[in-house]
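Take a look at the structures listed below.
After this come two complexes, each holding chain A, first together with chain B and then together with chain C.
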Partner chain A sequence: MKPAPLIVGAGPAGIRAAATLVRAGLRPVVVDEAPAPGGQIYRQPLVPDGRSPEARYGSEAGKAQRLHAEFAGLLNRIDYRPETLVWNLGQGAADLMHAEKTTRLAYDGLLLAAGATDRILPFPGWTTSGVFTLGGAQIALKAQGVSIGERVVFAGSGPLLYLVAWQYLTAGVRVAGVLECAPFSAKFNLVQGFFHEPRTVLLGLRYAAALRMAGVPMRFGASDLAVAGETRVTGIGWQEGRRKYHLACDAIGFALGLKPETQLADLAGCAFAFSPRDCAHLPTRDGAGRSSVAGTYIAGDGAGIMGADAAERAGERAALALIEDRALPFDAARAILLEKQLATMSRFRDAMAKAFPFPEDWSIADETLICRCEEIAAGEARAAIRQFGSTEINRLKAVSRLGMGRCQGRVCGAGIAEILAEESGQSLAAVGRLRGQAPVKPVPLTLLDTLPEAAE
Partner chain B sequence: MSARFDVAIIGGGLVGTSAALSLARSGRSVVLLDKGFCGAQASGVNYGGVRRQGRPPEQLPLAQRAHGIWPELARLIGIDGEFIRSGHLKLARDEADMATLEAYAARVAEFGLDLELIGRNSLAERFGWVNSSLCGASFCAGDGHANPRLVASGFAIAARRTGVDVREKTAVTGFLRLAEGFSLETETGATFSVRYLVNAAGAWADTFAALAGEPVPLTRIYPSMIVTEPVAPLMSVNIGMEGGGIYARQAPHGSCIIGGERGAVLENPDFSRPTGEGARTIMNRTAEIFPALKHAQAIRFWSGTEGAMPDRNPVLGLSSTMPGLIHAFGFTGAGFQLAPGVGEVIADLVRMGETNTAIDAFSIDRFFAPTTKTARIPYGSGAGLLPQPEKTGVPS
Partner chain C sequence: MSLFKRLIRMDQPPIGFFLDGKAVEGRAGDTVLTAILTNADAVRASDVSKNPRAGFCQMGACQDCWVTLENGERLRACTTLLTAGLRVVTGRAA
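So, the complex of A and B:
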């Protein structure tokens, strides 16, 4: 008998994919690191904290509840494994870790819906205690009901910047400022975006308006961010043009948009190509979500940032492709409709990428730490590039240790690529990407084996 | 018009780059060709063991020559490659292992490795971080370890600085024996005509040997490694085990690197990855043999592609069919320590047609039946041109 399909990730894409496979009579295994389904956006609290879904998810509460309920309805028709990490893939099987035990699971059909993490570039003081990623700041609030500080500045770029700032504001935290790295003029691209997804744009404008009404300073074109404070954040400095500014604060949430989690696609052997829109090397896929490897599908932000609504559709579309490829009956008309909707959403995403552009000239001073695990400063990275004539990112890693530590480049990869591109006079596309290596996250040496199993 | 050089070297691993450096230093013009990046294959991704202990006696003269070069790296290539003469401790699990270590020590006594046999009590006293259930060990104080990524890149850079024309991403697709020397063809279209040709193509060298009418039973092996997060100083020596199992060392920045098991080849046969099962086996053994690592985490796995010969000895020496062709490959998982010595031997062979280092045991014709040995390829026959890659699966 054929093993079951494996879905990695129980966020919007993974949940919709699971529901679609179940409707086709399959019983997928669904693996997620988190203790409860929902993914990053619809993350559930670790323990009930008395807050309503409206308080937790704001405008998206309806969608969150619908997906949570949909998943609950699937529970006895799927093999759901929460708190489980896929730490390795290979030879048609996945190595799954749960509670320090590992299992090898053979699958027939792999649907990767692993989502995204914050993208960051280093700036002076970014490793000071009190600096968080925007996503980290959001999870603290959403899942644990705690704030990262008492006077918080949010900086960087991307729609999440305003959403998180607004969520903090509504939770009663003092938001000391919002510093957007993109120029104000970039926001005119939202007009284009409005045309495709008016609701999303209006929501964004509502967040911004609420922040402004509450008297939160909102700045645009902020460059040269610098954290003040030796052991803890005491403030943040920045420039607008030539003028320098400073704000006192005790915590900072920072990110420059999101970055797809692609290690599993890499371990699965998927082909990658540079995506100018995401400024990153991403697994290639067709409109349905089929990767270059037969039987491996990619959906949601893990394939390229499109947001939660698109992730739901992409998850369903990829699941339909899996069903079709298994020669089971599938709803072709639905597949076409989903692809159409995804195409529209993709045009919206084009506009958003212009409204929140990835900074083109992020200067990183020699003293700034770039790889925090290995404690390597930008100047040392530049020296290694010159000494060894590096032009390719994996070769640079080999001679410098950049990206070799605990995070395996997940945090520092964007910064390393930036410096290598600048120093070697190449484009981000040309310097390549850090090849993914197992384990996807650190695993204990004492990892115990349980018998290999094939999902029924 | 093809560019002229005294010597062309196929392969930018440590063998190729150390030969190139040595030849360039003695005034030869050298072109070095690699299909990818120099040091990106076995030489740059290996475990980093710089060890003579445990080698078969016939490898020891070569190993001793290399042994003299390792402490000179800073002078030779400008960086020390994190080479540390820490000593190499080979552990015995039981009495039988210990007896094997004793027999080995007696057998290689004449080569000057200065092996020291260590009993159970003194092992516990001197190396308390090793599981006390082990039976004993053999210690070679002059061995050590180094960072292969730095050493391999360092030799390539030094070769380039010394005037070697290093061409990366330039796969050699075939060569032709001329009346005098060879002409080389590459994937990029560049051609070269040279007096001497060195086949240092690592796990891919068998194709070039076959071109010279010297087919060899080379196979590929994929040793697997894991690395831990940095931990406090623990392993003061490079560790091996009698009869295999694992080998382990601690890098200067704190990570422990542990090897063992074999990886699985990927769709592109130039690359391989450890299997989950293999990695877990290494991890568990590590926690058992070094109890202090019980709470450590593994942060990365990798494996590399290495050419292996059935008798575990390399092929090193002059071609038996084509004058001017030198083979150096098939180091079977143990060529890192040897490579700097191999480079000098290759340079000897180019300069003088012979070398003072004993390498007879490594001659390529040990693999041919006497009948095939006579089937020589006539000069200029064109027999040296490689068939098309897609037909034969020649790696590119």
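So, the complex of A and C:
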């Protein structure tokens, strides 16, 4: 008998993919790192905390409840493995770690729905206690019911900036300011976005309006962020043009949009190409979600940032492709409809990428740490680039310790690429991407010793 | 001084654990990160400069929040559920 298909991730894409495979009579294995399904956006608390779905998920409460219920209905028809990490894969098998034990699972068909993490570029003091990613600040509030501080500044760019600030405000936390790194003029692209997805744009405008009504300072074109405080955050400084500003605060949420989690696609051998819209190297795929490797499909934000609604559709579409490729009956009309919807959403995402552009000239001072794991400063990175004449990011990794720390380049990757591009006079596309390596997240060394041999 | 402020789950049963030998409390449903940061303003000292760190991503991605226990074991605070009697060493005790 053929092994079951493997779905990695139980967020919107993974859940819809699982439901679709089940409908076709398959029984997928669904592996997810979290203890409960939903992904980051529809993440559930560890224990019931008395809050209603509306209080937790706001405007998206209906979708969260629908997906949670849909997944609950699948439980006895799938092989669900929560709190499980896929730390290595290739050649039709995945190494899974659960409860400090590792097992190997053979699969036939791999659907990666690994999601995204916050995209970070370093600035002075970004490793100070009290600076968190926007996603982290949101998880603290949504899943744990805590705020990251009592007087919080949110900085960076992306729709999440306003959403998280608004969620904190609504929860009764003092929001000391919202510092958007993109210029105000970029926001005119929202008009274009409105044309494709009026609801999303209106929600965003509502958040911004509520923040303004509450008297929260909202600034645009903020550059040269710098954290004040020795042992913990006491404030944040920034510049607008040549003018310098400062706000007192005790915590900061920061991110510049999102970055797809692509390490597993890399281990699976998928071809990558540079995506100008996401400013990142992403696995290539066709409109259905087929990667360059037969039997490997990619869906959701892990394939390119499109948001949760698109992730649901991409998950379903990729599952239909898997079903079709297995020569099972599949709903071709549905597949066409999904691709059409995804195409519209992609045009919306084009507008959003322009409304929240990735900063073009993020200057990183020599003293600023670029790698928070191994504490390597930008100046050391520049010295290594000059000394070894590095032009490619993996070569640079080999001669320095950059991107080798515990985070495997998840946090520092964008910053290293930025510095290497600048130092070597190349584009971000030309410096390449940090290749994924097993284990994709830390695994106890004792486990690696007991393995028969790593999947190659 | 604590970094995090608890907004809800105030009346969940308390769970006792130890921070640098001192008895403190978290709440049922806390991650180890939440439990520590509602009592202190860092979870560990960084590897090289020994500067205070408090985690970053809170979603198991950045690996900034690995803490050490008195018995030498290590755990990732933001993805581990708090259990009673945990003895965490932040290495930050004065």
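Operating definition for what follows: the second predicted complex is superposed on the first by the 447 of 456 C-alpha atoms of A that agree within 3 Å, B and C clash if a C-alpha of one lies under 4 Å from a C-alpha of the other, contacts with A are read in each partner's own complex, and residues count from 1 in each chain.
To be clear about the criterion, contacts are C-beta pairs under 8 Å (C-beta built on N, C-alpha and C of every residue); 3 or more make two chains touch, one makes a residue touch a chain.
Everything quoted here is computed from the prediction, not taken from an experiment.
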Which of chain B and chain C A:S363 touches, first, second, both or neither: neither
Which superposed partner A:S427 touches (first chain B, second chain C, both, neither): neither
Partner chain(s) touched by A:S129 [first = chain B, second = chain C, both, neither]: second
First (chain B), second (chain C), both or neither touched by A:P45: second
Touched partner set for A:T344, first chain B, second chain C, both or neither: neither
Touching partner for A:Q387 - first (chain B), second (chain C), both, neither: first
Comparison of chain B and chain C by chain A residues contacted: C
Which of chain B and chain C A:L445 touches, first, second, both or neither: first
Partner chain(s) touched by A:E33 [first = chain B, second = chain C, both, neither]: second
Chain B versus chain C as contact partner of A:E150, first or second or both or neither: second
Doubly contacted residues of chain A, that is, touched by chain B and again by chain C: 374, 405-406, 442
Of chain C, residues touching chain A in the complex: 1, 3-9, 12, 28-31, 34, 37-38, 41-42, 46-49, 51-64, 66, 76, 78-79, 81
Complex contacts: residues of chain A adjacent to chain B: 87-88, 90-91, 93, 95, 102, 104, 267, 269, 374, 387-389, 392, 394-395, 398-399, 401, 404-406, 408, 437-439, 442-449
Chain A-facing residues of chain B, complex: 37, 39-40, 44, 149-150, 153, 157, 160, 228-230, 253, 264, 266-267, 273-277, 279-280, 283-284, 286-287, 293-302
Of chain A, residues touching chain C in the complex: 33, 35, 40, 45-47, 49-51, 117-118, 127-133, 135-137, 139-141, 144-150, 171-173, 231-232, 250-251, 261, 372-375, 405-407, 410-411, 441-442
